[in-house]
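Letters A, B, C, D and E mark the chains in the order given here, with residues in each chain numbered from 1 onward.
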């Protein structure tokens, strides 16, 4: 059964059309990736999915509920969340406060102490820095907070927007490891990445995007075998 | 207005203003024009620090008042002739800017706005409390009520201010450097710009013409007191004119000054029974213009033209990777 | 210009900080014009001419005042001008009317500064505060048991400061001991200062300020629980709005003025008595009017009298206006407001020195004259009742 | 061998109780590209800020071309030939691309016309010339990163600090940036670069300096460093080993 | 020295007034990043509403405080979307636009008030403005006016309630998140529009209640707003803009400076002293007394 069903959505920024009739779906429990060049429209897709920007046409269904046009705070309440590009932390709040905001929603509020503990287990570094304000964290630390904050929402689907951006190799592995663990734990994951190598390795299914359109799809191995994809996205 | 057509229009307006008094002898109209021109000068001088440099000076009126009082004191107590006193008004304003700027220009955004406001209030209180300003009674200057003299003096002064500022801000590197400070002070440092210095220069550059205009005002109106010359009037009007006209340009504030002043004057002269309505309309006008023309009139007009120009296809922005918030269209519409 | 009515410019503060005072002057001028026109106009050489007021807002700003004068004179071609509420605006307007040789009477500005400048074309119906201030101090010193100490506070604006200084010099002359003399920034809460004053236990507290400050002052005194034997304010308290605002706390406060609605004046021009004027004002504005408003109406009467005297018809030329000024310098007329006579030399040049300053006190919500002796309506109530036992 | 162009002598930088850079020393020879790597939060950007004058070192000193420059303000350092980019790109958003670069050109070309001409040259080099008249705010991430480099280059620096100018770019874009960097090296520029993308940093650097928890843990050629067990453990993880 | 206890008391009570003026104002700045020039006008509207309610019903104005809060909460709730629109504009400088927008509002409100309420000053009578406490029984010559004490109590209560709301409730967490990053707050489930409206409503409501209080302690008038706007700004800047916990201290400091200056120095220099002190503090600590402003 598909948890997320996107059907022919388009998005415009003023006069510029950024997405053209995008359709795809994510089944429950899957790790689906979306790859594509800079400016292909990946971030735009994610924003449209969670209601941060309006769609011009098409529909988005989450778990059978029509979420098109729903404001973002309602969408996330349904159990779908985004770890945004550039982390977007609350800069003046401490690490711990940032995490606690994650449990703002009623449904997550009750078990927030437990979740917090779990997150500190996953990222011990955050526990060390729990009273430091987010703006003074290094890039990698910030990424950990962003992921932790999303987990605090107790979501069913997590969407990641380039989580490995600016991370040291060891952290990149770390992040991918976390993503895989979350996947194993039963979460549905929608991953947008530039780090195509790694992504194709972990993804169950993959969409390729170019100039606002989906131009290819398949399993990791399928795509890795595809010569044009290799050339365009794997480089070197 | 880079084109020669713009320059031509400007030249025609200037010429018209220069010969106007020769064909028209209405002293009231001359007075209104004199004041209108003064406001153009005040608005563009304000825009140097506010629009080009990004520091909203809510104490702009203090420079005006300092200029006015300098001329008043020098003429009435030191018995200096007007022409000697006038430049000293500019000097006094420059000194004030220097002393006030050292600490305040370290402040950012709202802090700067409010600190400068506090400073102007402090100067007003000072004028109320010392002897040589006449305290709350104010000060009367020798009446020299020659409308032509003041009209031409104002026209030439503001014309000169305009040219100097235009050269410095639009032609010379200085203006671009200020804009760099406005956009990102920290980043500008890496490019060899000394923000402290540039801000100070721009503050002083904004103060000098304001002080000189204050001096002319004092001699022209013949009476100055703390509440009228050191009050909020000049700052408030300058803000409104500049925002309405369009910040960070010279033509915008000039346009804003002309329109707001004209609106005000027409209301004042011919709809005098509706003064309170005037407040309501002015307030509403400001609020509405902020909503619908956030770039000001000039900014909006010029933008229109730019969009109409075909050769440049604007490239869409992508999200910055920083923590900075990028505005997103309203949810749900 | 040929007209069959007098076109009269009015420059006053209809907006800005001084809007309250400006509107009071407007009432005075309006009431005069209304009354004149109701009587068919001003009769000059057997013909009656209506009057028409043209307003120009001085916006509480001297520059706007000067521009207003220029406009009224050159564009509206007014015959003469009724002047601003505040001294500041008057000081900017006066040189302009001098330049164009158009006479102006202000019904309100009472800072001594104007008259020191000796503007030829500017007159005022309200005596300057340094002329009126002494009377009430004198009245107070005649009370039994005579007060011995006084604290004087003035707000830091031209008029209020002059008031405080007038009280100070009068107190010095009357040998009252001045335990405190302070000028305070306008509009501030004065409680701490009054706490300090309280510790000195002065018999009299005198205060010069504007309407809003009067209210604050009374409330502050009451809040700290100090009742001096006498509390002296100024003319502002004669406006009904003051008693409306402070209610019973206004009781027994003294004030300085030169006119009240019950003043014993007799006149042949327009209103026969002060109370007739007060009644007319009550009818028009639901407010009996205070001495500023009265002064403004009296300004109109002064013009009216001078016009009749020189036979100046509407559309006066410069020579006629010069004659009008001469006539003004000479008039000595009894009005509902009292005697109007402008000084022609000295520090009160062109200010009205025909009036007798009055000491008033608020008794049962009414303004009662309690001094000087010749004008007394009611005995002064003294010492003041404790705030608490009201 | 000549005197190194940059010497970092026992630099320590503390924020309150936190020591972000801890007693780090290394030097950069004229004409080389030195890569500065290390886990997130190791102190790389902080060190850049110290070298470029944004922070004064808590201890230690920075010597550039024989002069002690520690604590000198950034605009002074720009004047002596140090150009830098920012990890979080900072275009002057309200200005055009050309204006952005012209501002930097003023340093060596005080006349506006000269500065503009120079800015055009820089934009040609960095491949932004076709977007010169666009608002800087309208650039894509790749464009902005390139603009960062353009601004630093417009200073005509002898020494360039590049903070993650490749991060976030797709392989094609990344390749073009690497090309650009190599071209600059060929022109004689000395470069200190921070980057996490291994295939970039390993390829272009002559030497690497590795930071961890603010301390220098290794220094050497890419080959040496990548076989250093400390570095592998702290930075690359098992996989790259 | 005999006067010192009274000087301190007066200063603290005055400080209490400043707290009420500034605290909610600081909150809106912190959350919405708007410097509301109309703060004094909200106070003025509240004061007149209290005045008329008292006149019509004859009941003590303190009883109306909740009513006034509710009315003005509603007003603020409705006005906020417009301000939101101005601030989220992508053109121009939103900070400045917000400032100028509310500046326009303030002018308009002043004009409306002069039209509707006239130009006379007035006062709101209250049973509490009658009495005062005396501390002579404990050997201090200190008088505490009841109404001012009520003002201080109100200030403390508002401060505590706001503090509790922001720091201890989930709503407060959402508000703080919204203050720092609007999009991210949305992703956390915070309803930006509604939360913003609540905050602005709370601010307008508190300001209006403050107006009633000021009307009881001091005076009211259509042009009263400006002076309070100035003090609201100064307190908030002194506290560090948007730093709520700093407001009470900054307000008390300002009150004490005024009181001590009036009593021990030349009273006519009081405001000069206030401005100079504000100025000096900003020099030393550009982001307010505690360096924690945003």
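Rule of thumb we're sticking to: a residue touches a chain if its C-beta (ideal position, glycine included) is under 8 Å from a C-beta of that chain, and two chains touch if they have at least 3 such contacts.
What you see is a predicted model, and the numbers here were worked out from it, not measured in a lab.
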Labels of chains that are neighbours to chain D and to chain E: A, B
Label of the chain whose CA centroid is most distant from the centroid of chain E: D
Winner on C-beta contact pairs when A-E is weighed against B-E: B-E
Approximate Å spacing (C-alpha centroids) for the pair chain B, chain E: 31
Interchain centroid distance [CA atoms averaged], chain B/chain D, Å: 41
Whole-Å gap between the CA centroids of chain C and chain E: 36
Multi-partner residues of chain B (each touching 2 or more other chains): 125, 128-129, 276, 278-279, 316, 318-323, 325, 328, 331
Chain A, residues touching no fewer than two other chains: 38-39, 52, 71-72, 88-89, 91, 165-166
Multi-chain contact residues (two or more partners), chain C: 15, 17, 156, 185
Chain D residues touching chain A - in the complex, by the definition given at the top: 15, 18, 37-42, 45, 87, 140-142, 164, 167-175, 196, 198-199, 234-237, 239-240
Chain B-facing residues of chain D, complex: 52-54, 73-75, 78-79, 83-84, 86, 88-95, 99, 102-104, 106-107, 110-112, 115, 131, 133-135, 137-141, 143-144, 151-152, 154-155, 168
Footprint of chain C on chain B - complex, ascending: 26-28, 31-32, 35, 125, 128-129, 135-138, 140, 143, 145, 217, 221-225, 227-228, 233, 268-269, 272-273, 275-276, 278-279
Residues of chain E that touch chain B when the two form their complex: 29, 35, 82, 85-86, 88-97, 99-101, 103-112, 114-115, 181-183, 186, 192-193, 230, 233-234, 237, 241, 268-269, 271-272, 275-276, 278-279, 282-283, 286-287, 293
List of chain E residues in touch with chain C within their complex: 2-3, 6-7, 10-11, 13-14, 17, 114, 119-123, 125, 129-132, 134, 141, 143, 145, 147-148, 217-219, 221, 223-224, 227, 258-260, 262-263, 266-268, 270-272
